[in-house]
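Structures incoming, each one as structure tokens.
In what comes next, subunit A is part of two complexes: it sits with subunit B in the first one and with subunit C in the second one.
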Partner chain A sequence: MLGHLTRETRFLIKDRGALFWLLLAFVLSIVAVTFGIAEVSEQRETIATLIKEDAADRANALEGQEDWGSAAYYAFHLTYAPPSDFAFAAMGQRDSSPWKHRVRMLALEGQIHEADTRNADFGLVGRFDFAFLAASVAPLLLILLLYDLRASERTMRRHDLLVATAGSSRSLWLPRALVRVTALVLLLLIPLWVGAMIEGTAASLALQASGIVVASLLVWWLIVELIGRLDASPSILLTSLIGLWLALAIVVPAVSKAAIEAANPVPDGGEILLLQRETVNDAWDLPAEATMEPFVERHPEYADHSEIGEEGFEWKWYYAFQQVGDQVVEPLATQYREARLARDAQAGLASWLSPTSLVERAFEKLAGTDARSMIAYENQVRAYHGELRAFYYPLMFPEEPFDADALSDLPAYDPQES
Partner chain B sequence: MASPLEARSLSLVREGNAVLDGVSFTVAKGEIFALLGGNGAGKSSTLLTFLGFLEPSGGEVLVNGRSVGSDVAAARNAIAYLPEAASLYAHMTAYENLDYFLDLAGKSATKDEIDVALDRVALPNEARSRRLQSYSKGMRQKSAIALALLRETPILLLDEPTSGLDPVAIDEFHDLVKTLAEGGQTVLMVTHDVYGACQVADRVGLLRHGKLVGSFAAENGQRIDTETVHAAFAGREAT
Partner chain C sequence: MSTVTRIAREEWRLWLRSKVVVVAALIVAVLLAATSVLTVNRIAAEQSQRIEQQVAAEQTFFAQPDRHPHRMVHYGHYAFRPPPPLAVFEPGVDAVTGQSIFLEGHRQNTAMFADTKAAADLGGFASLTPASLYQLLLPLLLIVLGHAIFLRERESGTLAVMLAQGQSGTRLALGKATALLAVIAIFMIPLIGVAAYSISLGESALAAISLVAGYFVYLCVWGAIVLAASILLKQRAVSLGALIFVWLFAALIVPRFAINASSAAIDAPGKIESDLVMLAEQRKLGDGHNAADPAFMQLQAQVLQQYGVETIEELPINWRGVVASFSEAELTELLNSYAEKRMGLEASQSRLFGLFGVVSPTIAISSASRTLAGTDLATHHRFLRESEDLRFGFVQALNEKHVTALDYQVDLNRNNGEEASRAATINASAWRVLDEFRFAPDSASQRMDRAMLSLAILIAWLIAATGVVYIASRKVKL
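Now for the complex of A and B:
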């Protein structure tokens, strides 16, 4: 077999057409990895800058405050999901879901859902990252490298001479295809491995990613092999394979997405934001009891501190109706989360119908940029916001005397905590 | 001792049409047997059954006494096949093509050995390091013939081997085939060239509509009579 592979490697080196596609694969892989590393670096720089500015900004906001309510009102708190050391290969949902927030002690759900997504358009067109290259472009390159292995030889009336000379088909077509597939895999993966070394990706992760690329291309090789055996002209084979690629890479995912979305209606994030704002704004005009009763139901420990005077402004009433705003949208926000998770689970099942979707999802999972990771980050924000409330409420509701030094114990956001 | 090539009541049906119908012949060691016939007579199909590309619907074909169906690889290993208008790789030189195809056949040859083969087919020296895309049809055919020579197989199957060659090249080719046969190689060629077949072959079989309808042999050191064969080919005289 080694001799066959050596012979076909020498043959490949003389085939300019095949070399062009292989070189293109290498260049595209370098571009995808470079873009990915640049994007991840930019996100890390953004986070580093925000961390620095956030601390200074908060210290500035807290300085000179004279009560707990004002301190809580004016201070912002940075939360963020740092990109993993493999995110450079698959930006995934980081392009369409927010990965950083500056939250305040106000109603939270609106703050989560009003966050800008930097690259919302990428949610539609997809980013050119390594995952996209491996999932969608690499199969096309493989098709172009393999589709006419037999057909072009038949067209050139060389097929029978080749097979008769080789003695058997296996000693000819298998090594010829294997050399091309191996070259494609290596030229795709070498930039990924270099990128992984630069980013400090765990070797096991890089190996898993490599395995995904190899498995995906083996599946496509099998598809090309089966169709390539048809006694048809190269142009018909190419048309058939490109049609199949379009079906598996575009049509099946699009139809699946539409069906899953229809089956799992998700409330718009804007609905949550609007309902919460209406609830919070309406609270100004309602009797204080209308706010404090549902608040005390959630926090019975403050029942003895829920009296609101007839006149004047009280911070604890203000924060209570912020919390009630969250309570009112809680069912909608839960429905939103659960529907997204349900959609994700069903998309996972549907991806078995599309090798490209399966590969992209696998890469996003490895990179921690899948829908579940982004929802997990949102839950981290909720948990952290809960810590802020747990810090302020025991001081604010019993109306403890203000102590600026106590603010040094404000909970700090830790992205590693789940 | 088994004949290098033998067809026994060979029949072949493709897409409902009888391509070959009970064809039987043997080709002895060192013999040149030409199957002569018009378009669609079943000549090339006969060659392809010996190479295992077509499976007989009836009867069998044997190479060195073994049924091709039972061991295709052994049959192909014993045969050098020269298809009609053989097309080697245009983006490679003659040296590179021969090196590649010999490797494919599990053989190797030095550059000197390749040069000897190319000398025998009279491919000009200056052309040997050029890509075949600049070759004439005759030069490409010579390169393919050189491959058949270099493989040194006991059997040669030639499909319209002189198609596209100029008269001088045809004569040279015929001389070469005769030399190979004298050296013990068995040659089965199919052609519609009556004159060429009679010039080179020890025996000529006439194939018409898939049936072997006539056979002519050289006798007493004389070549086969072209007129007789031509008349039979044209259906003017019973054979």
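Now for the complex of A and C:
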């Protein structure tokens, strides 16, 4: 076998066509990884700047405040999801879902859907990241490398002679294809490994990613092998393979996506906002009890402190109706989140029909850039917003005297917490 | 019958006999038809829904009871962007940007709830639109049909016969080109149908026809590239491989590479980042809710002098309203300068992206197509600007009512009990100051102007590719 392999490696080195595709794979992989690392470090830089600016801004906002209510009103708090150490390989949903917010203790539903995403053209076209390369482009390169192994020998009229002299076809075609597939896999993965080392990705993660690439290319190899056995001209073989690639990489995902989205309608986001705004705005005109009752239902511990006086404006009441605004849209917001999760779960099932979708989703999952991770980040923002309320409510409702020093104990956002 | 048409007819005869070609063409045709019908229905539903939502938002605003005018400033309003008629072919950035925006005092919100955020994630290019089929799939079909269109004559030895009969290489190439052109013409039919439908929906004929013409040029570019390869290369498999590479490069790699490159070359800070810088400046402007803020002392002196009185209580107008209106104007100027800066950076990113059309005709057509359809980034930016005008308009009109229609003392007294707060309201008829908002696409000539560069790049591609075909066909020898 070793002899066959070295022979085929020598052949490969002389095959300029094959070398071109392999070199292309290598260059594309370097490009994808380089851009990925650049983008990730830019996002980290952005986060670092934001943390600094946010702290300065909050200190400035809190300075000179005289009551809990104004402090909570004017102080914004940064929340963010830092890119993982593998995000360079798959930017995934980070281009279309927000990964940073600045929230304050007002109704959360009015804040959490703000999308601080990039240039819309970016989200539309998508990035050239490693996941895209491995999922969509690499199979095409593999097809171009392997489709005419047999057929070209047929065209050269050497096929039958080769088969006859080689003894078993296994010692002939298998090493030839194996050498090419191995070369492709290595050239794709080497830049990824270098990138992983630079980024300090866990070895097990890099290994899993490599396993995914190898497995997907093996599947494509099998497909090429099966089609390649047809006794047809190279161009017909290539046409059929391209057609198959098109079906698996574009048509099947698009059809499943359309079907999944039709089957799982998402509540209109506008309605969530509208309802929340209406509730908060109507509260101004309603008697204070209309707000305090549902509030106390959620927070019975403040039942004794829910009396709102006739005269003057009270922050207690203001924050209570912010909270009630969130409470009213809770079912809709939950539905929105659940529908997104359901779509994602079904997309996970549907992706078994398409190796490209499967690879991209697997990469996004490893990189923490899949829909689930983005929703997890949203949940973190919700939890943090809850902490803010838990900090202020016990001070604000029993009307504890304002103490500026107490504000240094404000909960800090921790992206690692879950 | 001239030789050119005879050659073309012969080519068609061969195609119709080839199962691969017929199956491929049928699949593309079915996909095209299905996607067109689905997209037309979806966009039509979205359009009527958005317009209804816009009208409903206006009605609710008008229907609000008597209130303090500043409450209505915070009550706010919505702006919706209905998709333009040609979005049935090219939905463009609409799915990514979100199509509605909440408008309120003191804030510029972003458009929320983009479809892509809630989309089922199946990787790379999971959504099919008629436009993306034309951009990606039809070139591939032309490649499958045409990669051997010329070289098969060489392979089968008929080229020698034809040349010996006195046929020139150019005439032969012209015949093959006619055959390919007929294919392109047939596959233009669905687009022409969709364009005609969009005209019936009120789209300007100029824009629709330019869109059709742009795609025709684009497909001709691919036809010419395919023909050139089949003249220059001597083996089917090599020609097919080379063309697939060109497609891979132009349709998949370069557009995404261009995105990476333009985002790396021009750094456009996100809204949170630029907002933070702005907030620091904003704090210097003073809080419009607090009329005693020292930042308003200069304004106070000026207004007192204008009315020739000593104290704000003596003013015939409501001082709190004056402050609200003044600070809103100041703040808006600041917000707009930051918004313009951000949009300017995004626009230059997109311009840079468009320049990559020189390397890939697919980029050139997709930029031109979004622009002509009115679903490009520039249109989204105009939507943001116009909704900002709407916001500023109604907020200032309400502030004006605050100044003139509400007594200062009554206003100051508003938090002292139910009766006092009821007194500090104005009649709901004042809410009529809200302007009607119907977002409309740019005029066809404006869109043409914007698309000109991309269209010019496409035409340059066509000239270059046909030039290569011409030169190659003149040199055809055995």
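The rule we apply is simple: the second predicted complex is superposed on the first by the 406 of 418 C-alpha atoms of A that agree within 3 Å, B and C clash if a C-alpha of one lies under 4 Å from a C-alpha of the other, contacts with A are read in each partner's own complex, and residues count from 1 in each chain.
The rule is simple: a residue touches a chain if its C-beta (ideal position, glycine included) is under 8 Å from a C-beta of that chain, and two chains touch if they have at least 3 such contacts.
These figures come from a predicted structure and were not determined experimentally.
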Overlay on subunit A: subunit C relative to subunit B, clash or fit:
fit
From subunit A, separation angle of subunit B and subunit C (C-alpha centres, steps of 10 degrees):
90
Partner, of subunit C and subunit B, that touches more residues belonging to subunit A:
C
Would you check which partner chain A:R44 touches, where first means subunit B only, second means subunit C only, and both and neither mean what they say?
neither
With the two structures laid over each other on chain A, which partner does A:Y336 touch: subunit B (first), subunit C (second), both, or neither?
second
Return first, second, both or neither, reflecting whether A:R229 touches subunit B, subunit C, both chains, or no partner chain.
neither
Report the closest approach of subunit B and subunit C over their C-alpha atoms in the superposed model, as a whole number of Å.
13
In their shared complex, at which residues does subunit B touch subunit A?
48, 51, 53, 72-73, 76-77, 79, 81-89, 91-92, 96, 100-101, 103-106, 144, 147, 151
Residue positions on subunit C within touch of subunit A in the complex are 20, 24, 27, 31, 38, 53, 65, 67, 71, 74-76, 78, 92-93, 95-98, 100, 102, 109-114, 116-128, 136-137, 140, 144, 147-148, 235-241, 244-245, 248, 252-253, 255-260, 263-264, 267-273, 275-277, 279-280, 283, 346, 349-350, 353, 366, 377, 380, 415-418
Touching subunit C in the complex: which residues of subunit A?
17, 24, 28, 31, 35, 38-39, 42, 46, 49-50, 53-54, 56-57, 60-61, 78, 92-93, 96-97, 100-102, 113-128, 131-132, 135-137, 140, 144, 148, 151-152, 155, 233-236, 238-240, 242-243, 246, 249-251, 253-254, 256-258, 260-261, 264, 266, 268-270, 273-274, 277, 281, 284-285, 310-313, 336, 339-340, 343-344, 346-347, 350-351, 354, 356-357, 359-361, 364, 370-371
Residues of subunit A that touch subunit B when the two form their complex:
3, 7, 10-11, 14-16, 156-158, 160-168, 171-172
